[in-house]
Amino acid sequence: MEPPRPIKRSEKAGLPPGSLVYVGRAKAVSGPPRITVIEYGPDHFAEQTLQAVTDLHPLKPTPMVTWINVDGVANPQILKAFGETFSLHPLLLEDILNTDQRPKCEFTETNIYAILKMFEFDTVKQQILTEQVSLVVGENYLITFLEEVGDEFDAIRERLHINHSKFRTSGPDYLAYSLIDTVVDRYFIVLETMGEALDILEAQIESGYDPKLLKRIHRIKREMIFLRKYIWPVREVVTTLQHADTPLLPDVIRPYLRDVYEHTIQVMDTLDTYRDLLAGIQDLYLSIASNRLNEIMKILTIISTIFIPLTFITGVYGMNFLYMPELSWRWGYFTVWLVMLLIAGGMILFVRRKQWL
Amino acid sequence: MEPPRPIKRSEKAGLPPGSLVYVGRAKAVSGPPRITVIEYGPDHFAEQTLQAVTDLHPLKPTPMVTWINVDGVANPQILKAFGETFSLHPLLLEDILNTDQRPKCEFTETNIYAILKMFEFDTVKQQILTEQVSLVVGENYLITFLEEVGDEFDAIRERLHINHSKFRTSGPDYLAYSLIDTVVDRYFIVLETMGEALDILEAQIESGYDPKLLKRIHRIKREMIFLRKYIWPVREVVTTLQHADTPLLPDVIRPYLRDVYEHTIQVMDTLDTYRDLLAGIQDLYLSIASNRLNEIMKILTIISTIFIPLTFITGVYGMNFLYMPELSWRWGYFTVWLVMLLIAGGMILFVRRKQWL
Amino acid sequence: MEPPRPIKRSEKAGLPPGSLVYVGRAKAVSGPPRITVIEYGPDHFAEQTLQAVTDLHPLKPTPMVTWINVDGVANPQILKAFGETFSLHPLLLEDILNTDQRPKCEFTETNIYAILKMFEFDTVKQQILTEQVSLVVGENYLITFLEEVGDEFDAIRERLHINHSKFRTSGPDYLAYSLIDTVVDRYFIVLETMGEALDILEAQIESGYDPKLLKRIHRIKREMIFLRKYIWPVREVVTTLQHADTPLLPDVIRPYLRDVYEHTIQVMDTLDTYRDLLAGIQDLYLSIASNRLNEIMKILTIISTIFIPLTFITGVYGMNFLYMPELSWRWGYFTVWLVMLLIAGGMILFVRRKQWL
Amino acid sequence: MEPPRPIKRSEKAGLPPGSLVYVGRAKAVSGPPRITVIEYGPDHFAEQTLQAVTDLHPLKPTPMVTWINVDGVANPQILKAFGETFSLHPLLLEDILNTDQRPKCEFTETNIYAILKMFEFDTVKQQILTEQVSLVVGENYLITFLEEVGDEFDAIRERLHINHSKFRTSGPDYLAYSLIDTVVDRYFIVLETMGEALDILEAQIESGYDPKLLKRIHRIKREMIFLRKYIWPVREVVTTLQHADTPLLPDVIRPYLRDVYEHTIQVMDTLDTYRDLLAGIQDLYLSIASNRLNEIMKILTIISTIFIPLTFITGVYGMNFLYMPELSWRWGYFTVWLVMLLIAGGMILFVRRKQWL
Amino acid sequence: MEPPRPIKRSEKAGLPPGSLVYVGRAKAVSGPPRITVIEYGPDHFAEQTLQAVTDLHPLKPTPMVTWINVDGVANPQILKAFGETFSLHPLLLEDILNTDQRPKCEFTETNIYAILKMFEFDTVKQQILTEQVSLVVGENYLITFLEEVGDEFDAIRERLHINHSKFRTSGPDYLAYSLIDTVVDRYFIVLETMGEALDILEAQIESGYDPKLLKRIHRIKREMIFLRKYIWPVREVVTTLQHADTPLLPDVIRPYLRDVYEHTIQVMDTLDTYRDLLAGIQDLYLSIASNRLNEIMKILTIISTIFIPLTFITGVYGMNFLYMPELSWRWGYFTVWLVMLLIAGGMILFVRRKQWL
């Protein structure tokens, strides 16, 4: 996974449409791709890992469901092989390779394509990581492409092992739904992390002023902007799937898709709520900073207001004029002290009347 | 009831859809659930409290209306029993258990499901509390689920006692409407509390600067964000009910639902008005704080402008040069005083011309 | 009339729908209600004041038009009597009594109900007052309910005296239109008062800084928020009336309703323009306040920058060290003056270069 | 023309609908109205100026097109005469007289009415002036009403002189289109003036701080608010004309109206862009003002930080205690200088480390 | 190319519609126009450069596709020649010449017209440059107009050389699509440059305060406003093309246009994200500036708070009264030092308690 930052697409500009070029930053980090093929039916379950993409061959018509999962799509060759084996549209393969792709879904006569974004919170770097998930639903197969090798779908793989479960008795549509549901469920986890970060931030700001919190606010705001950019179109994807008129999505799956749809709405609601909360927290921070400046200036002004006139008086009697009658008065010094105390008292009264103390 | 804060859903992520897991914070606080069954008709009224969920059994076809109220849904077992007895959809049971659910309503062939949020103002903690209310309307029954044991619907229970009242002669649709109306009416009470808080806040800000008001503003803003999040979808719920094409909602109930709809519109209007008012109050606060800084700096500048030049003059004649002609002048000291008074007067004039005094 | 503030509705919460309870603040102030009945036709005009609500009786079928005006609706008994005599819907009577009602209009088979808000500017308290106006249009009658006894519709009553005028030859639809037109026309008067207040405010802010203007800005903003809340739905009311498919509104009245509609659009436009203007005025105020702080700090800094170094020099030669060669120099004192003048000059140059003078 | 300010409509409130009262400020300034009648066909052109409104008489059916232009509509009598001669609707005559009218267009069976706003930039008063233009399109005539005597349409009048030109061979629809196009084209000129004002403002703000720019920003913002108010509905007017189903607008004129429509869209786009630019310029101004305050405070703090401790030291050795060992040291004075230089140096280092110098 | 600034259209105001006047700033800079004619089919490719516009002649019906590219449209004569040769609508020619034109597309019976904006980043002037691209699609030809001589479409010209490529076997619709795709792809490059500028800006602001960054923020904001103005309507253009019901766009081209459409959506998303990011960066800058002011004032206040009282004390004992008992005390001087240290310590404690150190 990678932080949600814009990716250089410029190297693609000028190439003919349908050119398969990987656009992303996984190039360096990811190892070789991992291709697993799971074939299952109510009573049947078989899993194998393909050694090379050349082992891929077209599916025979069978009542079994085949799930092919590809971890690591950085290699255009693999996609090309899939494109040829399953006759996928070149423009869509291009979208799968372009990891800066906006979430979308598309229908052809034989397939449904859906591209989504998955998020994870990197607790070490305190940063949100993103990964593109692409699904291709066919009549009796599902192909999934992930940017990097990961364990995001292990829970589903586990559940597939159970004989005669809902998974095993349903078609690739239910599997696809489960994967999308898993992706959307992960949004809640990321949002919870953000919600906790907001709570901590708010508590810190209320407990005392710290200029470092400023950058924290800014960082969270930035992450939210990116989250919003990638989550917002997911709503569209799910609602399109829900209302799609295609035999690949039977009526029995619609309530499930509606459920996912409601989850995405809730994710958006929560994200918007967090945005409002963060805006409120930022206002609070700025107001507290301004309060603090007020406080500082108040102290400065009180000290100055009291002592500057007194210092002036001491200056007067520090002058060296030969003829200064007060200097030789017996009680001159004490009178001056008295005058200074009166002035100080008056100033303190003035300051109190202004409600500064 | 609980404060309207986001709830950890992460423990649900990865579970298969339809898994009944309670998502909420009522677990610890709420006691055992309370199940009351009221059966009524124009001339008949019977109320009983179920000892255990096992006492629940399917309803016989009868002209009577049965209202089953469950206080405390934290227990998945109870919901499962209801699901089996009344054949409710597992995804909807899941929504009822998930107390972070967005208000929604859904229709099946035999039932209407509506999930709403109820609010209460905790005058002790000065905080808004929230509770999820779920309604399941059937042909001759209404099931309601509340998060915790409470007395919110006691007024309606009272009115059900009156023979041949509108309640007793109507079906479960009128009862459902009354409950929704009660929930929406409670919004006005919470809004009134907020309105009063705003009035007090405004009066306090106008009467004098107090940094503590800042946090108060922030708190109210936060509560409003949460209120808005939960009240906004209620509008959708009510309008869906109003225009639903289902035999469970006869035409005679529509004007009533339209009335509830108008109330929710008014709640939203009022909430938006309060948001604008709060924004205005915050602006006022910040401007008053800035005014105050202006005022403080003005005092500091006046004091400094008058006394710093005078102190410089006393400094000059406090120097110890052997040859300083003014020091031996007969009227030197008095001349200096005169000069200083002139300078002070000039400075005061300058300050007055700048309209600082 | 009363200031546009939210009203306590909490006392209504829990009552069955259709309960006639007056919600408003006119209770204490208004005297007994005044019921006037005007019966008119092209050649006929008769006006009478009902002594008691019991004098009210159902209208006979007649080619005459009857206008019944009720000033002061605080009394639920009166409304109940009207409801029974003219068979009006209880939920609508409830809305008429609830003076916090959102402007709306509704159609039944025999009646049109419209609820509007009327505004007036109280020049003494410098506050906007609001009053609810409810209209019930029937086949040959119009009933109007006002919150308090007033003279708002006197101009129309006057014009009704003229034989064979447009009023006298038209039905209750034209009378209703005229009343709505009068209500909307009054909005322009209130807006003009606000426009003038904005002009004065702007002139005051441009002519000099005054912290009191802050509260004035806040007050006007608050009034605008309330105006907007009540005027916005009027647009909806008028457009609904304009496009209503009811025999109570013949086609000949549509161009007039369209005219009113355009007036409400213009009212909204003007209100939005004023909101933008007020926001601009507030920005101006804050910027002028900030300018002023800049100015004050500039003066303080100039004075300090020039005199603090000079005061330091006088301090140096005010020290009492036994061995300080400069003190015994013949031209020491004058040299110090020269140095101080040079420093002062340098500082003034520095300040000028910074464009502070 | 007059500045775009709200106009008192209150004197109209209470009058019956259709009352012809001039609402505007042209009363005092404008002289008597000027009525010119131009009759033209492919080979025919005749222009005459009516001495009095009584010379007006209904048009005979003729293949010629008649353009009647009225400069100065302040006189209700003239409009009344037109209303009677051409049987125009009283409510529309009322709109023409009301110069605060929102731009609109309306269709009757025999006429199209369009009311627009024309703008001009008064380079002397540096203010935008506005004038209402009303068009009445009939089968073979066009009547235009302008608020004041002016030369805005002289270019079109010139082009009408050319025999067999597009103007002379087309009907009143093309003439009406040309006039509307002229009005919209003038918007670009006003926008250009604003664009230039924005450029100058931006350059001035970037070159140096000047508090006067604040009021300039405010003035431009205010003008923009008014421009927007009057230009926005023009879009609606033109799109309504474009899609109107009336024989008065033949299909051949639609591409031209579409062209005008695109121009209004572009005007709105440009106005919105300018609003964003102005908001950016205001932000820049405020930030520069805040920068300046920062700068001023920095200087004050540097001066104070260096000299206040030094002045304290000189104060110490200016004390007159009999027993102060340092005073009689041989190198005391020079040591103090050294100490003071070290402190000053330390302070300068501190200030540099803080990146203030 | 030219910076995206509003262009003087005023010289056009008053001209009859369809007048061909070049509105733009390319007049001075561009040399003579360059007209290249490329004729191609699956097996055929011929390219020629026209010496003069008079060499232009109508196309014969042929299975070949002809692409005529005009670099430099400043000359109205050329456009007039094209208009006559290909019978193009005068209003559209006017739009092509007007380089301030809003992106749009239009359909006639024989042609599709599309006007787009191309952007380039001038790395020398650090400014975005803009150029208008106009396309006219006919049955077997495509005419493109560019404002200036450039190499933007060279990549496509190269690919046209390849025999039997998709280009060579498709009609002018595919060529037009490729050109639009090229234009939209260039938006990504400009956006990347802005994204990098934002990243650098953010890093600079986080690393230290620099008033110059303010103007940089303002400049980027201004560029974004202009980008948005020109890119936003492109979405409309592409969606109109995609859903157009014209034989010039066969069904086979729709998936490609859909792909372009998705790219424009992504461009808008990215631009909006950048706007939010820039707003966040500006907030950060202002907060850091405000932090800095806080910091500066803190130092000033600490120094003043500690030294002003001490200086007052030294002033007291610098007075020259004859009778000042303390002066003759044996430990007076040291006592004063002690008192001063105590006061300084107290002040430091006070400051620490306020969390300023």
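Structural remarks
Order of writing sets the labels: A, B, C, D and E. Residues in every chain begin at 1.
Please note the rule applied: contacts are C-beta pairs under 8 Å (C-beta built on N, C-alpha and C of every residue); 3 or more make two chains touch, one makes a residue touch a chain.
Bear in mind that the values here come from a model prediction, so they are computed numbers and not experimental data.
Between the CA-based centres of subunit B and subunit C the separation comes to 26 Å, rounded to the whole angstrom.
Between subunit B and subunit D the centroid-to-centroid distance comes to 43 Å (mean Cα coordinates, whole Å).
Across the assembly, subunit E contributes 290, 293, 295, 297, 300, 304, 308, 311, 315, 318-320, 324 as residues in contact with two or more other chains.
If each chain is drawn as a node and touching chains are joined, the picture is one closed loop, every chain linked to exactly two others.
The chains touch one another to form a ring, and the order obtained by going from subunit C toward subunit D and onward is C, D, E, A, B. Note for the complex: subunit B touches subunit A at residues 6, 8-10, 12-14, 16-17, 89, 91, 100-102, 104, 208-209, 211, 214-215, 218, 221-222, 225-226, 229, 282, 285-286, 289-290, 292-293, 295-297, 299-300, 303-304, 307-308, 310-311, 314-315, 317-320, 324, 326-333, 336.
Those residues of subunit E that touch subunit A in the complex are listed here as 155, 159, 166, 178, 181-182, 185-186, 188-189, 191-192, 195, 206, 255-256, 259, 262, 265-266, 269-270, 273, 276-277, 280-281, 283-284, 287-288, 290-291, 293-295, 297-298, 300-301, 304-305, 308-309, 311-312, 315-316, 318-324, 354-356.
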